[in-house]
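What follows is subunit A paired twice: with subunit B in the first complex and subunit C in the second.
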Partner chain A sequence: MKVKGYSYVTSIALISIIPFLWVVMLSLKTNEEILNNPLSLPSQLIFSGYGNALEIAPLGQYLINSAIIAVVSTALNILISSMAAYTTTRFDFKLKKPIVIIMSISLLLPITALIMPVYSIIRFLGLYDTKTALILVYTALDLPMSFFILRAFFLTIPKELEEASYIDGSSFLQCYGRVILPLTSPGMITAGILHFIFCWNEFLYALTLTASHGARTVPLALNYFTSQFAFDYNAMFSAVVIMIMPSILIFIVFQEKIIEGLTAGAVKG
Partner chain B sequence: MKNNKIWLYLFSAPLILFFTVFLLAPVIIVFGTSFMEWKGFSGNITFIGLDNYIAAVKDPEFIVSFQHTLIWIVLQSTIHVIIGVSFAIIISRKFRGWKILRTSFMIPNMISASALGFIFLMVFNGQIGLINSLLRKLNLEQLAHNWFFDPSTAFVSVTVTWLLFAGLIMLLVLTEIGTIPDSLYEAADLDGASQWQKDLFITIPQLRNVLGTCMIIAATSKLKEFELIYLTTKGGPGTGTMSLPLYLYNTSIVQNNFGYSNMIGTVLIALGLILIFIISKVFKIASDD
Partner chain C sequence: MKRILAVLLCLVLVLSLVTACGSKEETSSDGPVTIRLATFQVGVNASAPWFASVIEAFNKEYEGKIKLDIEEIPGDQAYVDKMKTYISMNDLPDLVFTGGYNLMDDALSANALVDLTPYFKADSEFAARFFDDDIAYNSRDGKIYGVPVERQPVTYFYNKALFEKAGIGSPAKTWDEFMMQLEELKAAGITPVSMDTLDSAWLSSLWLNSMVGTLSTESNAWMNQSMPKDYNSPDFIKAVEMTQKMLMNYTTKDALGGKYENGANNFLNGKTAMIANGPWMISDFQEKGDDFVKNLGTALYPNDGIFSGSMPGYLVGSKDQAHADAAVEFLKFITNEAMQGKMVEMYSSIPANKNVEISQAVIDQNPLLGEIVELQGEAKIVYGNYQSLWYSNVVTELDRQYPLLAAGSITPEQFAQALTDAAKKN
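Up next is the complex of A and B:
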């Protein structure tokens, strides 16, 4: 029974990573070797595919766009959700309940259903095909998740420190800036990592709201490859590795934080 | 403390603004224009009542997309959840190497769905694909073919790109298992219960709430599934793997038939609410927040 269980989990884990290991391996083989024997280990390691991938496709530009969008949107998303999480966990006011309710409904909204109106709102605002469009849309679509992760975090922090700071004569803003922000930074990092990965990976809205190299992000580079790279497998697989590595590395390094955030955010729904 | 009131509203305002512009307004537009004829931004908007809904019932592509979406929801909320839950129960014994297994299982969930779709396009590729190469190695050449483009295997191949990768479900369940009091297991040990009996009679009943949450997450995830289909089969061959999100994309962004696409959007949102309602009722999820 025990052995069966172990081999079951081991085989599922293997199925989960073998495609990735295979792609990494192919990125290091010559085109000829890929075509003749896709399963064998590389007879010699070829790294030129990585250089070619960055040259042929506008992958370099896309990487920069993705980084700018993800960083700015993460800052904005975390600041906005932290402020709302603060007011809705610490104070009783009229908007408290409505905010929590609308956020929990939004958490499970199939966001794919909203592409047409979001597309028309972005065009209306004159932001079509800009990085700003993706920054604003990503910030908004992922607010419910960050909001609940931060709320869960705020609820674990004792109120005494804030009360002490108010007694010392701090204003609302001073208390938020000097007491709350530092205390909740671990929660903000968790929510921030998850939001960064969300921005880095998002495809549908990037496809819909952008058209030129100046605003397009890394996941869209794949569309480009299927036509441009059709015969340069080595460069194509290198490009895929370049695309997925940031998410995988961030996950491996911040694993415990990400797991904590995912469970806190999801269970609230 | 009096002027705190103003700060409370100021601190909530950005969230409410973003919610209103990018979530609430879109939902209202989706619902409202699903009763309109609206073709292209320069086109007129005319109220046509339920005509879009009536047209959908007679539209074979809508019907087949609806059926596929339902099939995927059912598969996802059963097989996918079972894989995640069983994985979590087994690795919750924390034997040597459990963390490596957990990390490996999570990786397909952490990378972009578009990259995952692309990788699977290569795994199932006719010429250099992993699957066909393995089949050839095993002298099963006759089974090798182009999986995503053959009507008899396209649906199954697309399903494989998400069905097994239940990393998120596994995490939620694993965390919940960590909160089950040890005393329950100790009592069972005294009664001489086997590991298998403890899993079945202690762990699983304690997981009721989280199982409901997992089923909701799994089921609703298929209402937004786009990338993994778009980058592999684009809904084909024919309409063999067409789904509601993909059909919505085609009718709105490609054909600019906005009224019709927003009818599909309304159907997706309604399906989501129905699923959440049914699953919460079945699992009697306590709403304590």
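Up next is the complex of A and C:
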């Protein structure tokens, strides 16, 4: 039984880690080797791709932009969606049903269909080519997803807990901050991680709503390494490694908190 | 307390909106005119170093008069997509580099382009720089909308050692001879030609276009027309049949599902004997060393065909006279003798400025470029390429149809019908 368990865990770990190791390996091979034998081990280790990656594309600037946009947008998205999810699960008001229905419909809308109206609005607001534009758009685009994740969590919290806190003399904000939020932290972390990944990887809106290095994000940087008649895969895979390093480092630093958040029970003592 | 908080929140929201609405546009009337320029000549693009040097020289010469606000959009497809967004939103930059892509017709139908004819009439020196066919290529209804920056006559390159090994003396003069040479190369254990099936299959499409362009006078006229809607002609189907035969019998296995880079890599490593491509590939050959370059030749397509050197030039999308004037100043600068001469040296491109002579010293250093220039004069049949002439959704459709054609899952007739269906959606 133990052997079965270990082999299961090992295979899951391998499935997760092999793509990353493969990318690292490709970043150390020549272009010729990558195209001729993508699966083979490098005949010699080439580290020049990392230098070339930093030289060809403004990776540093794009990484900083991505980090700012993803962090601020995640905070905003979770703040707004948690408030919306809480009120629609706890209170009865006239627009409750329409709000939930609109959110459900928004989930089904392909984001590519919104590109033109979003572009017009951002231009009208004078936010074109700013980080603020991407922060607002990403926050809004992913709002329905976070809303439903958090709503599902709020629905599992018994009303009696809030009633008990009010009896003990809590105000509304105290009850929300000290009772509700800690209980929904697993949901917040789940929604937050999903939204952060969405912001980090998004390409279409980043391309459409920005024009200068000051606002652009890392997915656009990868386009610097291939064009129709030219390619530098060695530098491109090196750039991919550089791009994913920050998220791996963040996970290593906050590993305990993230796992704790993801595995915490619905009710704390 | 609650009310005060609500009022404060509202104030913050309104203030942030007002601040955000502050436009980034230039406001000063005395300062330099800022013009927006969009380009994909960045990153690994072969022309990026030359373009960077042009920008540096322009900024130096026009300091205090014209300021360039450059939008780098790396990646050809991403660039075309963004320009189409700009066209739909009537927000085209002052200067649009079109590369080999036809953005002119879309922009014209949105009434987004500046008619450049008055600028050509006002400056005879500027007008005299260009070949008539390049200007005709960039004109619609007698009005000039594009300024060519380079010429790209596309031939094909062959590996002399591999030809010799297969007992082939010289490149084929007719398509029958060409098909025989493919068989001879194969019999000698050599993969005859580099091809691809994805990213609109540039390498394969060049062969297909050349066949269509040279099979008959009618098919040549068809291959020179803009935005054709019917692909069901016997010549087109015959050309697809020959291309399918090449894909199924005479190319590498990785052509099925492969892109340009796979085909290029095979030719650069001596695995294939031929590749169809333009002069910009010479810099890749040079990176492989002098011996590799010496072993290469370039030739006209069978029936003495060559892709027209004319290509879509820079477009001007300015909304007012001052910006249009500044944009044209830039175009005069990029097409002057000094910048065009630099282009030949830095990335083996053929200048659009006819007054720029490619010196013997440059040809001695870059004999393949010299051969292409000569072949331009020898060609008897000239035709355009699909990327600048066909509807963009037809070009996208090629991505779906080529793999099926290479796998033998569809017939040439079905291929032609699929392209016709796509074209008719426009």
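Quick note on the criterion: the second predicted complex is superposed on the first by the 196 of 269 C-alpha atoms of A that agree within 3 Å, B and C clash if a C-alpha of one lies under 4 Å from a C-alpha of the other, contacts with A are read in each partner's own complex, and residues count from 1 in each chain.
Keep in mind that, in the parts below, a contact is a pair of C-beta atoms (placed from the backbone, for glycine too) under 8 Å apart; a residue touches a chain by one contact, two chains touch by 3 or more.
Quantities reported herein were computed from a predicted structural model and do not represent experimental measurements.
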So, A:Trp22: does it touch subunit B (first), subunit C (second), both, or neither?
first
Quick check on the superposed pair: does A:Phe172 touch subunit B, subunit C, both, or neither? Answer first, second, both or neither.
first
A:Met243 contacts which: subunit B (first), subunit C (second), both, neither?
first
Subunit B or subunit C, by number of subunit A residues touched:
B
In the superposed arrangement, which partner chain does A:Ile12 touch: subunit B (first), subunit C (second), both, or neither?
first
First (subunit B), second (subunit C), both or neither touched by A:Thr139
first
Using the superposition on chain A described above, determine whether A:Thr87 touches subunit B (first), subunit C (second), both, or neither.
first
Which superposed partner A:Ala164 touches (first subunit B, second subunit C, both, neither):
neither
Once the structures are superposed on A, label A:Asn201 by its partner contacts, choosing first (subunit B), second (subunit C), both or neither.
first
Based on the superposed arrangement, let me know which partner A:Leu45 touches: subunit B (first), subunit C (second), both, or neither?
neither
Using the superposition on chain A as set up above, list the residues of subunit A that contact both subunit B and subunit C.
35, 115-116, 119-120, 123, 208, 220, 223, 225-226, 233
Residue positions on subunit B within touch of subunit A in the complex are 1, 3-5, 7-9, 11-12, 14-16, 18-19, 21-27, 29-30, 41, 83, 86-87, 90-91, 95, 100-101, 103-108, 110-115, 117-120, 122-123, 127-130, 133-134, 137, 164-165, 167-168, 171-172, 175, 194-196, 210, 213, 216-217, 220, 223-227, 231, 245, 248-249, 252-253, 258, 261-262, 264-266, 268-269, 272, 276, 289
Given the complex with subunit C, which residues does subunit A contribute to the contact?
31-32, 35-36, 56-57, 115-116, 119-120, 123, 125-130, 132, 207-208, 211-213, 220, 223-233, 235
Can you check the complex and tell me which residues of subunit A touch subunit B?
1-2, 5-6, 8-10, 12-20, 22-23, 26, 34-35, 37-39, 79-81, 83-84, 86-88, 91, 93, 95, 99-100, 102-104, 106, 108-121, 123, 136-137, 139-141, 143, 147, 166, 172-173, 176, 197, 200-204, 208, 218-220, 222-223, 225-226, 233, 237, 240, 243-244, 247-248, 250-252, 255, 258-259, 262-263, 266-269
Counting only contacts in the complex, subunit C reaches subunit A at residues 17, 20-24, 36, 40, 42-46, 69, 71-76, 78, 81-82, 85, 88-89, 91, 199, 202, 260-262, 264-265, 268-269, 277-278, 280-281, 284
